[in-house]
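Pasting the structures in now, so scroll down.
Two complexes are shown next, each including chain A; its partner changes from chain B in the first to chain C in the second.
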Partner chain A sequence: MVAVTSAKPPARRVKCPVCLDEYAWDEREVLEYSVKDGKYNPARRPAGLRGAKLDDARRRWYVKCPNPSQDSANHYLPATLGDFADPLVVALVGRPRSGKTHLVVAMIRELLGGVSAGEHGLRAEALDYYQHVTFKRNFLDPFERGSRLPGTRGGSGTYLEWLVVQRGNVKRPLVFFDVAGEDFRDPAENGRHTRFLVNAGALLFVEDAPWIFRSLAEEQDLRVDETLSLPAGASNEWVQEAVSRLPAGRESLPAVVALTKSDRLRYMTPADRWIRERSGGLLSADRMLTESRDVYGLLHSANANSIAMRLYSEFQRCTMHFVSATGGAVAEDDTFPAGIRPARVLVPLLALFAMAGLITGPEAERVGR
Partner chain B sequence: MSEIAASATLVGRALDGRTKTWEIKADAPVDLPGSALVTQRVRVAPDDTMLVRRSLRRGSADPAYVLLDNEIRALARLSRAFPNEWARPFPTLVGYDVDSREPWALVSDYRGQPAREAVTGLLGKGQIEFATRLLDALARLALVEVVHNRLSLDGMYLARTTLSIVNFEYATFFGEPPQNRSGRGARPEDDLLDAGLLLYEVLTGEPAQSELPNLAEVPLLRSQLPDLFAELRLRPSAADALRRFVVPAEVPVLNGYDPLAAGRAAFDEARGKKYPAAPEPAPVEVPGPVRRKGRWSR
Partner chain C sequence: MTYYDQDASVEQILFGLTPKGGLGVKKYSVGLTPDAADKWDNRLSSYNRLSPTAIGQKQWVPDRAFSYFEFADGWAALLARFNTGESGRNNSHALVGPSPALGAYAMFLSGWDRWYDRDPGHTLGSVSPYDWQHLVTTWTDHVRIRARDHRAALNSLVREVLLGEAEHYTVLTDTDSDPLVLLTLARSVLDPVLSSQAQRFSWTFSTYERSDTDPEASPYADGSPRFWCLRSLPTSGQSGRRRVLVDPTVEDDLHAGFAAELITQYLNDPSRYPQLVEDQLAGITDARTRIAKLLTNFEKGQPHISRPAEPVVNHLPARTPDQPRVAAPVLAGQRGPTEVYTPPPAVPPAAPRRPSYPGGGRVTEEKPRKRGGQRPAHVVFEELGDGRNLDPDQRSDLIGELRVLWQTNDPYEHNARLMMLHFEKRVTRLEIVILLVMAAAVLITSLAVVTAQREITVPTQPTAPVSVPANGTPQSPTGGGGGQ
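The block that comes next holds the complex of A and B.
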């Protein structure tokens, strides 16, 4: 076995999205992940591997992060990381069991081939091959089968999925972090598992409809989520804690508030209209503003102290949306009996993409203002 | 799900969104021509209140689910907007479940008999009352921005002169794409034309052969409601037609309370602080009744 030198010369400085260290990207020692061994080994490179075949092989190669600050466990980054600009880190923030995982899975599923993403000219592919394989096995496939996904396990501190998203000539890596809501308040880890917040380029705040409208909570919700028994006006300290971790200048970060599980509101005005709305591939800042106003109005009518309303004021560019990752409530057997019918899961991402510059143009400039 | 054979326990949500259980016993199936859904009367414990259960036929696919969803959505708006009127011209939504494999809706019982049979006995005042009730119903739909899209005698019931529109499978909100139509978003004027054609059928006993029927032999329509058949921009609203048709007319109104008004105002204030020079938020882009501009419709 010969450790190989990839075709790419040492490139530029990068920031690792996991440990947040910055260093010169060095792709000279590339590794392959062995499913059999469960570890990374020096990559093999047959003689003559060039061109498209080399590109294909590189998609499965990794580089061990040097983690100069030596403050993290070993972690490995896709070898193609150096081909792109630093990723846009999308941080999901919400209380435990607010539906973050189902939402981000539904969003990634949409990006990887959904009709709505296609209408908006968005294409995406996985950058981290084995992470994607794991993500598909653990999340996408059960989701497609209509199974309830496990809640995010605390303490991982790494990303859920790393995609390259393309729209027109703009190509941008996108990293999704989904950590357990409990991690935002876990003093034992001293914030290590949520430090991705320091590097966040876009914020996806998740507020769930049953938390706001307690009468809409299912018996299953109440069984697994004791916080739903708290008074409706209870503070959302998980989100407050996360916001406090954001770096200086945080108010200029693109932010959206997704009101998840809005299928519970599907027959209540104004959600009854929004939850069915199809954009038809058109990005409309006015529609997003009108929807934000409706979400805000609904939250205000239920609980004038909802943190989501404070988020709107705190972040300069912010939109609010009705979304449903699954389209329905889960049954007692942890399945979605009517199947999965995600509704409007792409819209918050479109807003973030517009505010973060992945979608460009005059209309995108107006989004969230 | 097909019809319930004997008895069943239904777990779903009431109109206010809360989970609720209904113990029901099967009663007679209802023949609702043109409906893709199963329609069955059921008796609900403990007092044997008669309701109508709407559900999907066994093996139905997504399109049928959408039809049930359409009906629940429209009736939810109507039932909330007009909660306490005995003579409201549509069933009240009692409960629903759309999360299970066998979704259903429970609505209040259809009063009277199928309109296609009943209208044959209408004469003179009865016909005028029927037209009045139909326009009243459409005025209520317009108040909550619902377009029926498929008005037909087959989807109506009549108790003496009290009309109920019972089938809302193709209902949409203003501006939404109607099922099985393409291009234009739904507008209340579409229902007005359908109402004109339906009244033509009731008054002549024959369905209209075109969307611009000869009204020479239909004096009631010719003299008072000819513009129901006019091009889209010239059609009256249901409320205007009702005011003209009945003097003095009792035109339905909403109670005027908007539970979101305070919240939307708070949003405007919060946004104004972030962007002092920002223009007012765009109004909700809901196409209301067509004003005197635009183009010919169908």
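The block that comes next holds the complex of A and C.
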């Protein structure tokens, strides 16, 4: 056994998605994670380890982020990070209880093995092996079993999942950040928990339908959230705070607005048509524009001051979509009685991929314009 | 941070879903200002969610959990989280106040009748710690009754703290046990050792968390509790804590022995225990020095425990049957550690034959017995050690008896366990030796057989020995006939 030495010369500079520092990627000291101790220990390998076996081992190796600015706690990045271009950081922004976590879990589930993703030629695999194990254990598995996911803990400040998405010859890491809605207004740690916004490459704004269309809130919605019986307010300080954290030039960032829990609108035109629509593997900029128009119109009819409408104007490329992460409201026992039936959860991601250059072509160029 | 008058009593805050939609302050007692309540919300926001733990195919969350925090500015909070309200946005109830006021009671308030798992609908008032005095007694009694169920876990935890290799611990327990019982027992045993008049050991804790790799679990986070209880290890992320796996596998080393003796001392006489410890440590304030002092005393008195690899019997002092076998007490100047080392009766009392042991069936002469019909461990052990002609069944019976002693919550427990471990090792070694001897015998026999076969089959016409005469010409074989 010998200590692992340089697999690649320190060549390219990377930006850490956690601390946002930039530095030369150096893979000379790789680490292995010990679940028992919760520590990262120097990785060792047999001298003859190479080829496919080495690639397989590297998928479980980590590199300690040097955090040159020394402003973050120790954190570790997948050793294969250096194999790819800088990740596309997708930031979920929305008020507390808007359904961000259920939506992002449904999206990742779709990317990892959904039929719709396959129709669009998308393939995805986990980049951070152990983080994926945790994500699967805490989110994917309960979601698959039809259990309600708990509210996101505040102050995590790290990513939820790190995937490598491939479409054709384009291969790019994708990092999802999901923080508690309360964090967007929390001044603690000088906003360090939401610092990922500064590095966001794509914005996924989440607005929930029962909050906007209170008359359509179902009995289960009212049971878990008594505030839905009160008149709707126009303000959404969580989103406003998040937008204000974005760096200069933010208006050029790809952005989508997902109207979650749109299954509650299943008898309302035109939402009823969209929530049942299937793209069949076709990416159509025109249909996305039409859907954005319908979402915008519906929001306008309900609340002329909705923040979502302002977002559409604020970002140069933005689309709006009807989505439902679970297909129905949660029952009293914190389960979804009919199981999980996500609807159109991939569409907002397709729009973001097209706007961010992961999906290429003339049609993709027109998305969001 | 001065939130309110230092002389005021402990204040209360209720957290839950607010009309704005997020988790936050729902109500607070009259002694707090709105600004103070908001500041406490910021401090506790990363701790006040009760997120489920994935255990097998299920998500598990306790009905309630308690966490006690002491912050660098001298203030403290005891947070009770309830599995009511929305999952992950549950209701919780915090008591906030100066750490000296709260710290003395934090572990003893689970039975308080004024915990609110939802808005009580009336104004909250300040609380006087004086009202909690009786809760300390009630909870302590409750804990002592359950001490036996937590013995192995307690031994592991006490040992880890005595080792002193960390300041913050992750305690991994199962879903059936109440970590607060374990923590209270650990405090009862260790606080007299670790705390002095000059230096107080902070017993901060959280009885339920999902992960020790989240930022709020970091030892560097202000207020992060020292003892952090999990039901399942997380599968990613770095932990800055020492993980204590409180399973029945007990380490068998000097610190484990020391921990076991302290626990035994405490359980033997909880009321006298603090003074017994303090008598040995007068004037020593530093926790590490206090441990070192007690450990030195312990090691002097327990040579067999410091060398666990060898059978205990070899370390017992040579004696005549009428000489007492007495070890130095754990805490010098005090009584001995256990009754194992008290002199056995010179003449075993004549008694009826004892019943068969479970799983045994052999009936032997009655030996001196302690309460519950059990014989003292030393008597059983003596029989094991001295009875060189015991057959396997008898030996098995005696080991079974030691097992019963081990599982019994009495002062013999620890030493019986140690003795049994050592004796089982010795039995194992004997078995190995026997096996080796048998293997050698088989090998020798096989070699002999092979050699014999070669002698029989290879030379059909054995070559006669050839002697060389002095002239260098060999003699011709005679053909064995002779007499030609």
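Rule of thumb we're sticking to: the second predicted complex is superposed on the first by the 351 of 369 C-alpha atoms of A that agree within 3 Å, B and C clash if a C-alpha of one lies under 4 Å from a C-alpha of the other, contacts with A are read in each partner's own complex, and residues count from 1 in each chain.
The rule is short, and it goes like this: a contact is a pair of C-beta atoms (placed from the backbone, for glycine too) under 8 Å apart; a residue touches a chain by one contact, two chains touch by 3 or more.
In this text the structure is predicted, and so the values were computed from the model without any measurement.
J.: Under the stated touch criterion, which partner chain does A:P150 make contact with: chain B (first), chain C (second), both, or neither?
T.: In the superposed model, A:P150 contacts chain C only, not chain B.
J.: Between chain B and chain C, whom does A:A329 touch in the aligned arrangement: first, second, both, or neither?
T.: Once the two structures are laid over each other on A, A:A329 reaches chain B alone.
J.: For A:L289, decide between first (touching chain B), second (touching chain C), both and neither.
T.: first
J.: Identify the partner contact of A:Y33: answer first if only chain B is touched, second if only chain C is, both if each is, neither if none is.
T.: second
J.: Name the contact category of A:R59: first (chain B only), second (chain C only), both, or neither.
T.: In the superposition, A:R59 contacts neither chain B nor chain C.
J.: A:K15 contacts which: chain B (first), chain C (second), both, neither?
T.: neither
J.: Is A:Y267 in contact with chain B, with chain C, with both, or with neither (first, second, both, neither)?
T.: first
J.: Need the overlap of the two footprints on chain A, from chain B and from chain C, as residue ranges.
T.: Chain A residues touching both partners: none found.
J.: Would you tell me which residues of chain A are touching chain B in their complex?
T.: Residues in contact with chain B: 213, 215-216, 218-219, 263-270, 272-273, 276, 286-287, 289-290, 292-294, 296-301, 304, 309, 312-313, 316, 328-329, 331, 336-338, 369.
J.: So in the complex, the part of chain B that touches chain A is made up of which residues?
T.: 16-19, 65, 69, 72-73, 76-77, 80, 96, 98-101, 103, 173, 176, 259-264, 266-268, 270-271, 273-275, 278, 281-285
J.: Which bits of chain C are touching chain A when the two form their complex?
T.: Where chain C meets chain A, its residues are 17, 19-24, 42, 45-46, 49, 51-52, 54, 57, 59, 86-89, 170, 210, 212-216, 218, 220, 233-239, 241, 243.
J.: For a test of understanding, state which residues of chain A touch chain C in their complex under the given definition.
T.: 33, 35-40, 73-76, 95-97, 128, 130-131, 133-134, 137-138, 141-142, 145, 147-157, 180-182, 185-188, 211, 224-227, 230, 238, 334
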